[in-house]
Amino acid sequence: MNIHEYQAKDIFRNAGIPIPAGDVATTAADAEAIARKFGGTVVVKAQVHAGGRGKAGGVKLAKNPTEAREIAEGILELTIKGFRVEKVLITPAADIATEAYVGIIVDRASKRAVFMVSPAGGIDIEEVAAATPDKIMRLPVDPRYGLLSYKAMQMGFFLYPDLKQARAAAKIMQQLYQAFITSGASLAEINPLVTTPGGDVQALDAKMVVDDNELDRRPDVAALRDESSEAPSEVDARNANLTFIKLDGNVGCVVNGAGLAMATMDLVKYYGGEPANFLDIGGSSNPEKVVSALRIITSDPSVKAILFNIFGGITRTDDVANGIVTATRQNPLTVPIVIRLTGTNEEIALKILQENGFSAMTDMDEAVKKAVALATGKAA
Amino acid sequence: MSIFIDNRTRLLVQGITGRDGSFHAKQMIEYGTSVVGGVTPGKGGQKFEGAVPIFNTVSEAVAETGANATVIYVPPMFAADAMMEAADAGIPFIVCITEGVPVLDMTRVYSFVRDRGARLLGPNCPGLISPGKSKVGIIPGQICTPGPIGLVSRSGTLTYELVFQMTRANMGQTTCVGIGGDPINGTTFIDCLEAFEADPDTKAVVMIGEIGGNDEQEAARFVKEKMTKPVVGFIAGQTAPPGRRMGHAGAIISGSAGTAAEKMQAFEENGIAVAKRPIDVVQLLRQA
Amino acid sequence: MNIHEYQAKDIFRNAGIPIPAGDVATTAADAEAIARKFGGTVVVKAQVHAGGRGKAGGVKLAKNPTEAREIAEGILELTIKGFRVEKVLITPAADIATEAYVGIIVDRASKRAVFMVSPAGGIDIEEVAAATPDKIMRLPVDPRYGLLSYKAMQMGFFLYPDLKQARAAAKIMQQLYQAFITSGASLAEINPLVTTPGGDVQALDAKMVVDDNELDRRPDVAALRDESSEAPSEVDARNANLTFIKLDGNVGCVVNGAGLAMATMDLVKYYGGEPANFLDIGGSSNPEKVVSALRIITSDPSVKAILFNIFGGITRTDDVANGIVTATRQNPLTVPIVIRLTGTNEEIALKILQENGFSAMTDMDEAVKKAVALATGKAA
Amino acid sequence: MSIFIDNRTRLLVQGITGRDGSFHAKQMIEYGTSVVGGVTPGKGGQKFEGAVPIFNTVSEAVAETGANATVIYVPPMFAADAMMEAADAGIPFIVCITEGVPVLDMTRVYSFVRDRGARLLGPNCPGLISPGKSKVGIIPGQICTPGPIGLVSRSGTLTYELVFQMTRANMGQTTCVGIGGDPINGTTFIDCLEAFEADPDTKAVVMIGEIGGNDEQEAARFVKEKMTKPVVGFIAGQTAPPGRRMGHAGAIISGSAGTAAEKMQAFEENGIAVAKRPIDVVQLLRQA
């Protein structure tokens, strides 16, 4: 789960990390009032779940409250990488001496949380990695000991030759690690971590991604979810316990299991079609999930054919068949449907489908070919 | 022969009285797996299906039954504890089916289990099956048949699909292993390839990967350097858009790393025949 | 550092452990008022740093407030194992179904904190260990993982066959471990952990010993020290950074290093004397410490001779000599003194002593023999 | 020969610019120890006494100097971190002089250091000296002389006393080791006895114990079972009252366990000659 910059800043602040003040506005008038409160030049930043906000015009300086209102008005009308901007964060503009990067991610290879830090901050860390890889220090954290002081100091000295700043950075990294662990995050990032002309070390930006699997035991973190910043179909799918991602094609896919779902999409493409979505109904099945899946898929006007590909294991194919029957009774289909199912309770499923006027196939390739033909208007 | 499990596997089921645990315990018993005990705190002393003794703790269960493997079907928030309990009780082979285990829990579990010398398969995996000998997990037994092919996969139902097509084409399996798609899991492609290479009955191996990470690329290098047996590969997610999660945590593409194209190229460069479609696996195995 | 039962109960309560109410009284009148507030039968318990309070008459039931006053009056006049009772804890008497024991200690052998639990609680755990060792479960805790749930449940089931009670006990043990770690304890104990007739699990007593080395970083814990409950000479010594233990003999010993101090005491005994104390002036030396040491030793009227045994390493023997000179100028000695010193800056020290009318020896055995002879009135 | 340290020891000093660290660094250099570097965060790039390079971190120091041992003189609240930093930097021999390290810190340090295969001596110990070769810690060099006796002790100044008496009696030492008296420390009596047994130049061993714990009893059994060289023992604390701490955490008697009488009996039963007085050690060594 993505959270907004202002939410991540609250978490980091609670962990003790020094972060300049900031307030969130949802209207231009609020933005103006906040800018007036802070006085002087402020930064207006779009709060959306997308990187590259600056390049997209979502981060701007405003020299006075009136300018803050105008700029906020403009930013609040933006859509960045598909995300509508609903909120802006207003912060006083800071004097910056140096910019560094500090991040933690869970790393597949070392099977640990890994710090990545660089004295070359303020820009995309991937660019630093590509251009000057020796300016990045990577340091895995043993979860059994946490971030030990000497490791934090190693990173502190990598960022700053000055002892006081190295110590300040080391402390911030220990606080960031605490925030990362106690939030159940899979990523936490400060970019830039700045020094002021006076020598203080401060976090000017904040980013955090929370592991969805942690949300059940962290209701306070789960409450940070901002559904207004997500696509309605994806919110709908999540509430129905489905995993759904909208794509640009015309073959709507309903599959059980992520791997099979991807292989099905690949096969659609192989046979000349374009998948309209990724949709995984997951392991445990029930007819309700199938009903929700069909509702979500049929609400996409570009879908010209629907393809079910179900390999029953834990998923009972009769549950899927019942779901199809129920959903199509509630909302009769306006596009053709191709159903492939095999595995657990296959005979029962086939019987249910036949009794309700559906036919079903058992071969995946044949089913995909047929769905593509129907979507493109060619005979299968 | 087979890898990891066979006729001598004596299995515990942790969470044997839960919804998934009880269903699959029955399935495994029907398949012929030697299920020697179950664990559900508070139900110690009872019997599952009138036959399998239930214990309060894994250590009691091991002491009483001599179990040498365990399969875990407990809710995600308790799965880490269950894996550590199993490792601490001295069980050398631990399979965790549970989906949704927090990845930070797994960073701890991984160290814990490794320090005790146990092998962990999963979490978020379908388990494994050595057709005709033993099944641990949830892979449907009826789609498998004994034979000379070893299969290792990051996926669940896609594995079934491949096994199903192989079985229809009369290509039986020594062992089919689903390693799971979570960012941190106990057993890797390389672990399985190594075991298949050492298994005299396995004549060829199928490796099924996904987008995300670079485990497949490393496995490909291992195949070139260490394996004498032919390997056929398939990668799911060629049409996945970059930077989006596709259903489970394993399937992330970040920038240029971990794309299907990259993985397929690594396969080809290291002598692994790449199937374009699942069904092509069968054809490539015939040629191998 | 020992803390009182009522203080340990506050810590355990804050960690979430269920503990019945209780209030502390320093006078009989307060005790009566508290007993009236609780109503019914109460338990009056002496708050002293000593085990075996019950056998010493320091724990009694009072059926009504008047009786509570009388009993508190009696207990507040007691001295238990050398400790004067200054406070009593009043708690409502509880209905008890079963009594168990739960404790954690740091264990030298396993180099870990180790849980000891027994379903046979309410009595001295050493008695249980001697009589029915199979009724004790010992479980070391890996500090890198803390008390994992399954281990807590193993202990819970060892105490209670009932799932609900086993879970409650497991939770209490995890809370106790947290309290132990966050207080920097070397021992934490609940004896008895009881079940009520209604099936609840509760802690009726609480004991905690804190590692003195933790106090610098835990001011909140350090603030729990009750100097009124310690011997004044030991408080005085601690404030002077000395380690001092009063004994029953007549040879006052001032030594640097615990091992040498004990060996010196042993040699006093070997040559027919009795040491009056253990006193270690520690590693780093300064004259002030020596002054404090002499003040403490000479305040003991049973001391008939004073023996210095200093082997200079980090300790500079000239510091010690200067301390002796300063102290005896301030307060001239009324008992003979024997000084043995050797090691760092020995020549300077000997010169200082000679100039001030003291003689010194370099051989430990000779020094001890002489001190014993002086204390017992025999010629050396 | 000697144990743990000799002419090839290349030593770092952690906390080299502190009060104790700088004093003893000079003493060690004067004694002839090869002090190759020091560590004090923020003073990297400076030189100690104009000659010894100072580094910000242990890993830098190791990379630059090839140090193979370190001695720690940092305040108690930072000592645990310093020990772990040293182990993590790959230093195989770590001596911690610092007194007052919280024992719960040591439970973590012990696991950490052991997992990295390093030897830790201390904390709260005087260090060790191989007379004429190398001195690491705070044992006064002038009281020692080379010779055939190995000495291991839980104590500080009592060790000096014994060494002093041995040197006066012309009994030189291979190595004198103070293991420290804290409840949890890195190197035990048995570790040292094993090393002395393996050291060809050590002809006899002196073991100095204290009340508290049962390390001496276990060491005594080890002597009987594994050692061919004669061992002479002394125990301090015969007059200590039960249940009281005597100055450091090691010296606790709880109930019947860990009394001097018990330890002396264990020595005698396992063939260790027991000195009643420190001076008797010399006499017993002559007879050994």
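Going by the order they are written in, the chains are A, B, C and D; count residues from 1 in each one.
By our rule, a contact is a pair of C-beta atoms (placed from the backbone, for glycine too) under 8 Å apart; a residue touches a chain by one contact, two chains touch by 3 or more.
Only a predicted model underlies this, so the values are computations on that prediction, with no experimental measurement involved.
Repeating the A-B interface, with the same residue numbers in over half of the contact pairs, is the pair C-D out of A-D, C-D or B-C.
Of the two chain pairs examined here, C-D and B-C, the one linked by more C-beta pairs in contact is C-D.
For the pair chain C and chain D, the distance between mean C-alpha positions equals 28 Å.
Put simply, the C-alpha centre of chain A and that of chain D have 55 angstrom between them. Each of residues 144-145 in chain A touches at least two other chains. Contact of a single residue of chain B with at least two other chains is seen at positions 108. Shown here, the protein chains touch in an arrangement that is not a line, ring, star or fully connected set. By the contact rule set out at the top, the touching chain pairs are A-B, A-C, A-D, B-C, C-D. Interface residues of chain B, counted against chain C in their complex, comprise 41-42, 44, 56-59, 78, 81-82, 84-85, 88, 108, 112. Note for the complex: chain B touches chain A at residues 20, 76-77, 99-104, 106-108, 110-111, 126, 138-140, 143, 153-161, 164, 181, 183-184, 208, 210-211, 213-215, 234, 236-241, 244-251, 255, 260, 276-279. Considering their complex, residues 144-145 of chain C touch chain A. Listed in rising order, the residues of chain A touching chain B in the complex are 106, 108-109, 111-113, 126, 142-144, 181, 184, 186, 211, 213-214, 216-217, 243, 245, 247, 255-263, 265-270, 275, 278, 280, 283-284, 311-315, 342-344, 364-365. Within the complex formed with chain D, the chain A residues making contact are 145, 148-151, 153-154, 157, 163, 166-167.
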